[in-house]
Every structure is written in structure tokens, then in C-alpha cells.
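Several structures are given next for inspection.
Each of the next two complexes has chain A plus one more chain, namely chain B in the first and chain C in the second.
Coming up: the complex of A and B.
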């Protein structure tokens, strides 16, 4: 290929890349400017892509419209706990599947796969009945159990492939040196797949953070409701018609921030985790 | 002695920590679920109720959309439980709940003369939507119907009167379109909004949108003609929601528009734009049969599985009484309805004047009923949308709609 041709390819690639970035970023930009635009300027014609009016009033009104601090705390506890529980249990299960040969392990793995395919809405009613009997309704613990059970199978599947990439000889050498099972598990195997665990922690956190169905159904009051439920509750004054885009945008911005912070914190781990699977 | 005192204090502290509800032992309480925007208005009346009855009331927030509320409540009721004693519920959910046997009849709760306070149009609507086999399962506290807003200032300047018929609306619309304005607009996006307008016009044409009858055909053809033949209705409205058409209106682009009552306060609240005559209300233009505007709303119900049904019944009696309901309507327009007692309290204040005017002229009509209303509305949305964007002919749309409705069943 001549120089002219490769330059054209490069320009095309960059143009396509820019278009992709624009399509990805624009909704976030729009949410952000909507959150700081006065309500009556939101639907200006022509649209204000670069607004000259800025206000924090939407955030103030949003925080007054729902019990914001309680919902934020619940969201954090719910997402962090679901993510931590699912990643911890998945690591243990994935290690067992990857390293221990036992009867029916393949069938069990397939069952996990089936449970991923099952839409959560189909299990919500029996789960609600069960929770009612054991006193887990309207409790974050109950929601964490439900959410963890939802995301654990997928996490197990992902972690198995990472654990299998770790040479078993390393663990055998540790065992010869006298290391016990727990020592091998947490001091040898775990550090080697930290990037994968970190990546799954972030992915599961985002899944839990954005989850609506379980909090909508299982949470009855502000003790357990999350920000996603808050998004369904913010409303226009005195009407169920229309959407309060100003308040919803403000709440969305608040909801996006923790995810961005978490991704920035785990950035290196995520990149390592995502690229490690590509190279053997 | 000191050790004994310390023991007692520690024991009490332990009881309080381990059993947080200990102090409230024996206290009767109920939980009332309603959208958060109504909480402030309800609070003074709840205090009054608590003082009168000794029943403690906890207000809980519900999702603002009927479909989210439906998801939430269906799970509770299907599981034979309810965390709430009283629920403010939507038309989309309540009839199905009543048919499933998940709601408590309210006949014994309401005074014998209770429905004498209802004008015929509201009573008819209540019977269609909230009564089943002569049992009352829900009573609407909000009763909302579409109002016909128009630019009186522009009409006056051109020496025009608001249209009394569809034909006049078309003629006047053309005059405004010639000036670069939008003659008539409504939000026609899916889901639901297109259905709202189709049902509105179908009633005026004497039909039923779920039957895909002649009235339906006339109404949908009329929308099509307004868009393509008369060009007084923008095709872009097929992708617009209420916020967008409201902005069109308040950016001085629209001459006439059907909209829900909240638009009254939206226009008055836009102080930079609003002045007298910019959002006047007229009676809806008459179609081939009537000038009806269908009414829907949210209402109080008691789940069969409510933990404290007796307390809930006392609350319903209190909040729907002729003494409290009018005061509540004054506190928040979401509780406004054409009950005689409410209208007497509100007089000619704001939107109440127009609600009474519409009610006196028998404009409010029962919302078209279907036992599976949300799904039935989606069918109407789908086939009408396909016709309006040219994917099928009107006859094909009607045939398809009838087929889908038959498959939906009851």
C-alpha cells in the first residue's frame, strides 16, 4: 500500500473514531447541560447546544423532591455489597470449577448459564413471597442477596477462564513448600487474578448501581430505596403527565459520578483485566 | 443501688436497640402510598386524621408513572401481600387488580349518599372503571381530561372565535398555517401519547378505539387529513412528547392544542412568556357525534392484603369526605375533580372554572375501557402509527388492529 493510501485509511479511521466518540459522549453531555439549564430553557427552539444560562437549582429541587441522601446511601451500600459478595463467592466457586475435578461440575456450570438467561422479572414474585416469610422485605440485605445471586453466575464464568490461565504448577510448588489450601487460595491464586477480580467488581458495581427492578419491588420506603427508584419517583408538580427532565438530568449526573470515580480508580486494573484474556 | 440503676438503664437501652418498635407497641398505624409531589398537600389532613382517630399514618412514595406502579403493586398482590394499607392507583392497574380479587370493596366504607356528590359525567366514568358487579373498588381523587387550549390573543387579532366543530378547526388551522404557524398540535409519539389523541377524537366521532369501528376510522382519517391533506398538523408530532409540544406552544408556534390540565399551570408558571389570552381554554370542537373529552385519573384503593384494613377504611372515609376532599383539592390541583362539593369550594378559581364549565356541558366522558388497557392501548398505538407513516392503509390498519385485539382477548 502506498503512502497516500495509508494516510487515507488513517484519516478514515480517525473520522470514524471521532464519530463513534461523539455518539457515545453526546448523551452524557446533553444530560449534563440539561442538569444545569433552567427548566424553562430545556426545550428551547432551536436547541441550546451551548447554553449560556447555568443554574444549580435543578440539583437543589431534585434533592428536595426525594429523600436524596438516604437513597444515595442505600445505592452505595447496595451496589458495593452486591458487588463484593458476588465477586468473593464467584472467586471461590470459580477456583473450585477451575481446579477441582468433581462429578457434575459441567452440568452445574450449564445450570449457572441457564440462570443467566432467565429474565429477573420471572423470579421476582416467588422471591417476594419467600422474602416475606423470612423477613427480608424492605431490607438492603435482602436486595443484596437477590442481586448477588443474579450477577454471580456470570462472574463465575468469567473468573474460571482467568484462573485457568494461571499455571497450576505455581500452586503445586507452593503446596510442596508447605502452603495450606487457604494460603494457596488467597495468597497465591488471588493476587494473580486481581485484575480480573477488580474488573468484575467494577462491572458488578455498575450493574447493581443501575438496577431498578429489585429495588423497585423489594424496597417499600426510604430505608431501602435506591437512586434508581428515585428516578421513577421524581415528578412534575401535581401531575403524572410529562417527565421532569430537569430533575431527572440532575439525578442522572449524580448517578454517573460514582461510576466515573470508580472506573478512574480501577482504570489500570480494568485495562489489565480486559487485556490479559487476550494474550496467552 | 448504683449497680441496680445501671442495670435497669442498660436493660432499657438494650430493649430500645434490639426492638426499635418497642415504644410504639400497641399504636395503630397505616401506610399510605402516593406520589411524592402530593405528600406536602396531604400532611395537614393526615395530622387531622391522626388526631381524630389516633391512627398513625406513614406516607410512602410511589413511582410517578402508572406502568412502574403496576410492576411494583402486581408483585405485592400476586404474592398475596401488601406493605401498604391505602394506595393511590392508576387506571392502567386498578381494574385488573379488582378483577383479580386483589382489592377490598369500599361499598360499606362510603356513606349511602356518597355518589350523589358526583356529576353524571364523573359518576359514569367511575362506574365504568372502578365498579365491578356493583362493588366499588376504587374512588378517583384526580379526574383529568384534555382541555382545548388556544391563542385567544391571535384569534382576537384576526377576529376569529374558537372553533366549534372539526371543520371550523381545519378552516382556522389553515389560516394560521398560512402565517407560518402550526394550526393544531398534539403529542403523537409512542407509547401511549398517540393513543390519547386517537381515543379523544374517536369518542367525538362516536366510536370506541378498541373496537376499530367506524368512529375510530373517522377519527384516524381525520388525523391523517390534518397532517397530509390540510397540512395544519405537523408530521413531526408523531415523534413528540408533551414537553416538546408544550415548548412549541410557549414558543409562539401553535394556535390550538389539546392538553392535560397541568398545562394550565405550566403556561401560567412561565412568567417570562405568559400574558392574558395566550393560553385560553375553549370547549373542544365538536366531531361528528360530540365534543367529548375522555377522563382518567388516579384513585384511592385498599389492597385485600392490607395489614390494617380497618384503619385503611377509616382513612378512605376521612379523605374522601365532603369536608376534606374540597380542602385537599384547594391544597393541590392533583386532587381536583368535578364533585359538587369540590367545585363549590373552589368556585371560579383558576382551572376549577373550566373544569366546572366542561362538566356542566357534559364534556368529560368515560375513558374507553378495556380489561387489559395498557396492552390494548399499545395495539392502537402500533396500527395507527403504521397508518400515519404510510406503512399500511387505513383498512389494513383496522384489520390488523381487530386481529391483534382478538388475540389479546380479555
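Coming up: the complex of A and C.
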């Protein structure tokens, strides 16, 4: 390959890369611009691509429009608890699947994985009725049960592959030294796969933070509604221009920022965790 | 206790530990999947009044109603359309992006972060964001399309405009994720293979066909299978972007079930549609699995 050829190749690469980045970033740019543009400038025909007036007023009005701090707290509690419960239970199950061979273990694992295919909506009516009877409706606890269950099979799957990567010799040595089962599980095996557990905790937190269906169905008021539901509530209002896109954009920005921060901090481990499922 | 991790002898005690470890996850899963599914199938044969909690046996009435319901037929069609058109586009575009990002250039690290961001944000934000950008009057995508093609079109008011807009938003969100998986696959190909092939005089196309594709095909198959079952259950994007409209042209099955359940309080009828959705997932999942097996052998 001559130098000339590889230079045009590099130029093509950069041009295509810029196109890709533009397409990927553009919606973020627009949501952000919409969130800081004053209302009377936002609804212009044609739209102002590079507005010159900025305001934080949309955020203030958005926060006054819905019980913002309650929803924010619910979102955090819901995502953190769902993630913690699913990662803890998945770690226990994954350890058993990875380290202990028993009859039927493959079938059992397959059933866990097959349950990923179950559309959540098909389970909603029975859970709704049941939650109503046992007082779990409008409780974050009820939403956490459904959510942590939903993400458990994937978490088990990923954790198994991480645990299998760690040689069993250390645990065997500890067992020979007379260490008890719980000691081996939590003091020896767990520290070895803490990075993987942490990765799954972050991934599951993001999944919980983004969840719409369960909070939409099971939450009734500000005691358990999350930001995702809050966004759909703001979207229900209508103004002379249509929907209040200024307020919706402001709330969207608030919902996007935490996950973008997480992605930037944990980029490497998130990619490793997610690709683990597809590549082995 | 001493032979707890000894894989040679599966003692009774080890099996007991395995059961204790798996049981919590299993109980949680059964409680929120097996029990509800069985109960949903049961409810599909009943007429349910959720206000007073009364069930009356209705035989196949819900299913008869469903087979005559044009909205359900349209809903099944759109669900299948959405699933496979999205998968086709995101796989083809994802492959292109992965090949692009696999090149050596200065911004690769930056590119990896860019790939993750659309994956990480809430689908409901994407749905409403695209609804705003596709707005017939103030929408920026509407305006961009009008500037480049001269075609000013209220996308979300037209049935096919709305369907394609939903697919576009979905493909925008998930292509980077597919690209990320395929990129990991590309990076797992040992470089020596390409070098050896070059030495033997293989062309670029031959390298792609006989080295890259065989390495990527298992990943493509896993992602296609995963996205098939996942997309058949799509809810958020329709709920946020079109609310099933215009008319009922984008009422994807999960959305239709949600509406029947919580807007019309037809628990029995919604359960019957749920059963139809379960069948659809089972049938299409199996078909995709079989085709991909065949395909993998061919490659």
C-alpha cells in the first residue's frame, strides 16, 4: 500500500467518523439547546439551530411543575435497590452455577436465560392484582421486586463467565485449610470478582434508572413515581404550541446527565461487562 | 466441608449449598415470571371486572374477539415490521461503524464513549426527544429533511411516516450498542491470521469473507436473537413517541396490551393478547434460532 493511498484512506476514515459522531451527538445537542432556550425563541419556524439567548428558567419551571425532588429520590432508591438486590442474588446463583456441578444445573440455567425472552407486559396484570391485594402497589419495594427479577438472568449469565475465569485453586486451598462455606464465598471468592460485581452494579443501575414500564404501572403518586414517569406526565400537558418541549427537554437533560457521567467514568468496564454476554 | 470445591466428588453437601445459593434468585424469578404467565393464560379465558374483582368464564370469547379485531392484526404486523426492520438496519449499520472504529486513528478512545452514550440514556427520553425533533412545525429533523430534499412532511401524522420515524429513532439508539459488540468481535481476531492470509496472497475481500465474517457471525447471531425477543416486547418508544397513533397504526403489541389493561380495564382481553404475544415470541424466536444455526454452518 503506498503512502498516498493510506493518506486518502485516513481522510475517509475521519470524514466517516465525523458523520457518525454528528449523527450520534445531534439529538443530545438539540435536547440540550431546547432546555436552555427561552420559550418564545424555542418555538420558531424554522428552528434556531444556534440560538443566542440562554436561560435556566426552563429548569426552574420544570421542577415546579412536578414533585421533582420526590421523583428524583424515588428514581435513585428504585435504581440503587433493584441493582443491589439483583447483583447480590445473581452473585450467589452464579457462584453455584460456575463452581458446583449437579444434575439439572444446565437445564436450570437455560430456564433462567430463556426467561429473558418473556415480555414484561405479559406479567403485569397478575402482578398488579397481586400487589393490590398484598399492599405492594405504590410501593418502591414492589417495583424493586419486579425490576430486580427482570435483570437477574442477564446478571447471572455475565457473572458466571467472570467467575469461571478465576481459577478455583484459591478456594480449594482455603477449603483444605478448613475454611467454612460462607467464609470461602464471601471472604475469598467475592473479593476476587468484585470488579465484575461492580460492573454489573453500574449496568443494572443504569437499566433501573431508565425503566419506564414498572413504575408507570405500579406507582400511583409521588411516593413511588420515578423521573421516567415524571417525564411522561410533563408530556401530557399541552400549551398553545403543542407539548411543553422546553420543560420536557430540561427534565430530559437532568435524566441524561447522571448516566453520561457514569458512562464516562466506567466506560472500559461497562464495555467489558456488556460484550461478555456476546463473546466468549 | 473440606471437599467443598473439589469438583471430582459432588457430595450431597455441595448440592445442598448449590440449592441454597440458587433458591433466592429462582424464587424471585418464578414469582415474577412463571406465576404471572400462568395466571395471564388463565385470565385469557375469563371476562374480568377489575373494579369488583369478579371473573366470569368466557371460554374462547376473548380469542374470537381478537381474531376479528383489526387493531390487533395491525398491531401484530407493526410489531413484526418494527422488530425485523430495526434489526436489519442496526446490524448493517452497526457492522459499518464497527469496521470504521476498528481502524487505527487518534480518536478511538473517544469513539468508545460515544458508542455507549445512546445505549445508556432512557428510551423514554429518546422517544420524546425524537417526537420533538419530528414535530410537524418546529421539529428540527423535519426542517433538515425539508432543507435537503424540499419535502416538508409531518412525519408523525402519517401512518408510514410514524412507523419509519419510530424505527429510525430505535435504530439511532441501538446501532452504537451493536457496533460496540461487533467491534469487540473484530478486536478478538488474531492479527496473525490477516498477515498469514496476506502472505498467501489473499485479497481484502477474501480476508473479510473467510476471516472476519466467521469471527463475527456468532456475535451477530447472538445479538439478532437477543434483539428479536427484546424488540417483540417493545413498549417505551411507542408510548413516548406516538402513543400508538396516528389512529392505531403504531400500536405495538405491548402498547396495545397496556391500553386494554389500564385504559379500557379489559383484563381478560388484554390477557388474550398477551398470550398471542407469548406465542409470537416463541414462534419467531425459534425460527430465528433455526435460521441462524443453518446460517452459521454455511459460513
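By our rule, the second predicted complex is superposed on the first by the 248 of 280 C-alpha atoms of A that agree within 3 Å, B and C clash if a C-alpha of one lies under 4 Å from a C-alpha of the other, contacts with A are read in each partner's own complex, and residues count from 1 in each chain.
Assume contacts are C-beta pairs under 8 Å (C-beta built on N, C-alpha and C of every residue); 3 or more make two chains touch, one makes a residue touch a chain.
Just so it is clear, the model here is predicted, and its values are computed rather than measured.
K.L.:
Kindly classify A:66 by the partners it touches after superposition: chain B alone (first), chain C alone (second), both, or neither?
P.N.:
After superposition on chain A, A:66 lies in contact with chain B alone.
K.L.:
Name the chain, either chain B or chain C, that contacts more residues of chain A.
P.N.:
Comparing touch counts on chain A for chain B and chain C gives C.
K.L.:
Counting only touches as set out at the top, which of chain B and chain C does A:89 meet: first, second, both, neither?
P.N.:
A:89 contacts chain C only, not chain B.
K.L.:
Quick one: classify A:157 as touching chain B (first), chain C (second), both or neither.
P.N.:
Once the two structures are laid over each other on A, A:157 reaches no partner at all.
K.L.:
After the superposition on A, what does A:181 contact: first (chain B), second (chain C), both or neither?
P.N.:
So A:181 only meets chain C here.
K.L.:
Per the contact definition in the header, classify A:44: touching chain B only (first), chain C only (second), both, or neither.
P.N.:
A:44 sits against chain B and chain C alike.
K.L.:
According to the stated criteria, A:124 is in contact with first (chain B), second (chain C), both, or neither; which is it?
P.N.:
After superposition on chain A, A:124 lies in contact with both partners, chain B and chain C.
K.L.:
Between chain B and chain C, whom does A:190 touch in the aligned arrangement: first, second, both, or neither?
P.N.:
Touch partners of A:190: none, neither chain B nor chain C.
K.L.:
Once chain A of both complexes is superposed, is A:233 in touch with chain B (first), chain C (second), both, or neither?
P.N.:
A:233 contacts chain B only, not chain C.
K.L.:
Kindly classify A:32 by the partners it touches after superposition: chain B alone (first), chain C alone (second), both, or neither?
P.N.:
In the superposed model, A:32 contacts neither chain B nor chain C.
K.L.:
Of all the chain A residues, which ones make contact with chain B and with chain C?
P.N.:
On chain A, the residues that contact chain B in one structure and chain C in the other are 42-45, 124-126, 128-129, 213, 216-217, 232, 235, 241-243, 245.
K.L.:
Can you list the residues on chain B that touch chain A in the complex?
P.N.:
Per the touch definition, chain B meets chain A at residues 31, 35-38, 58, 60-66, 68, 71-72, 75-76, 78-81, 83-84, 90, 144, 241-244, 246-248, 251, 253, 260-262, 265, 270, 272-273, 298, 332-334.
K.L.:
In their shared complex, at which residues does chain A touch chain B?
P.N.:
On the chain A side, the touching residues are 40, 42-45, 65-66, 124-126, 128-129, 132, 137-138, 213, 216-217, 220-221, 225, 229, 232-243, 245.
K.L.:
Which residues, counting only chain A, touch chain C once they are in their complex?
P.N.:
It comes out as residues 10, 13-14, 16-17, 20-21, 23-25, 27-28, 30-31, 34, 42-47, 49, 89-90, 92-93, 95-97, 99-102, 105, 108, 112, 115-129, 145-146, 148-150, 152-153, 156, 168, 171-172, 175-176, 178, 180-181, 184, 206, 209-210, 212-213, 216-217, 228, 231-232, 235, 241-243, 245, 248-249, 252, 255-256, 259-260, 262-264, 267, 270-271, 274-275, 277-279.
K.L.:
Touching chain A in the complex: which residues of chain C?
P.N.:
On the chain C side, the touching residues are 1-7, 10, 14-15, 17-19, 21-22, 24-26, 28-29, 31-33, 35-37, 39-40, 43, 50, 97, 100-101, 103, 105, 107, 111-126, 128-133, 135, 137-140, 143, 172, 176-177, 180-181, 184-185, 188, 218-219, 222-223, 226, 229, 232-233, 235-236, 239-240, 253-254, 257-258, 261-262, 267, 270-271, 274-275, 277-278, 281-282, 285.
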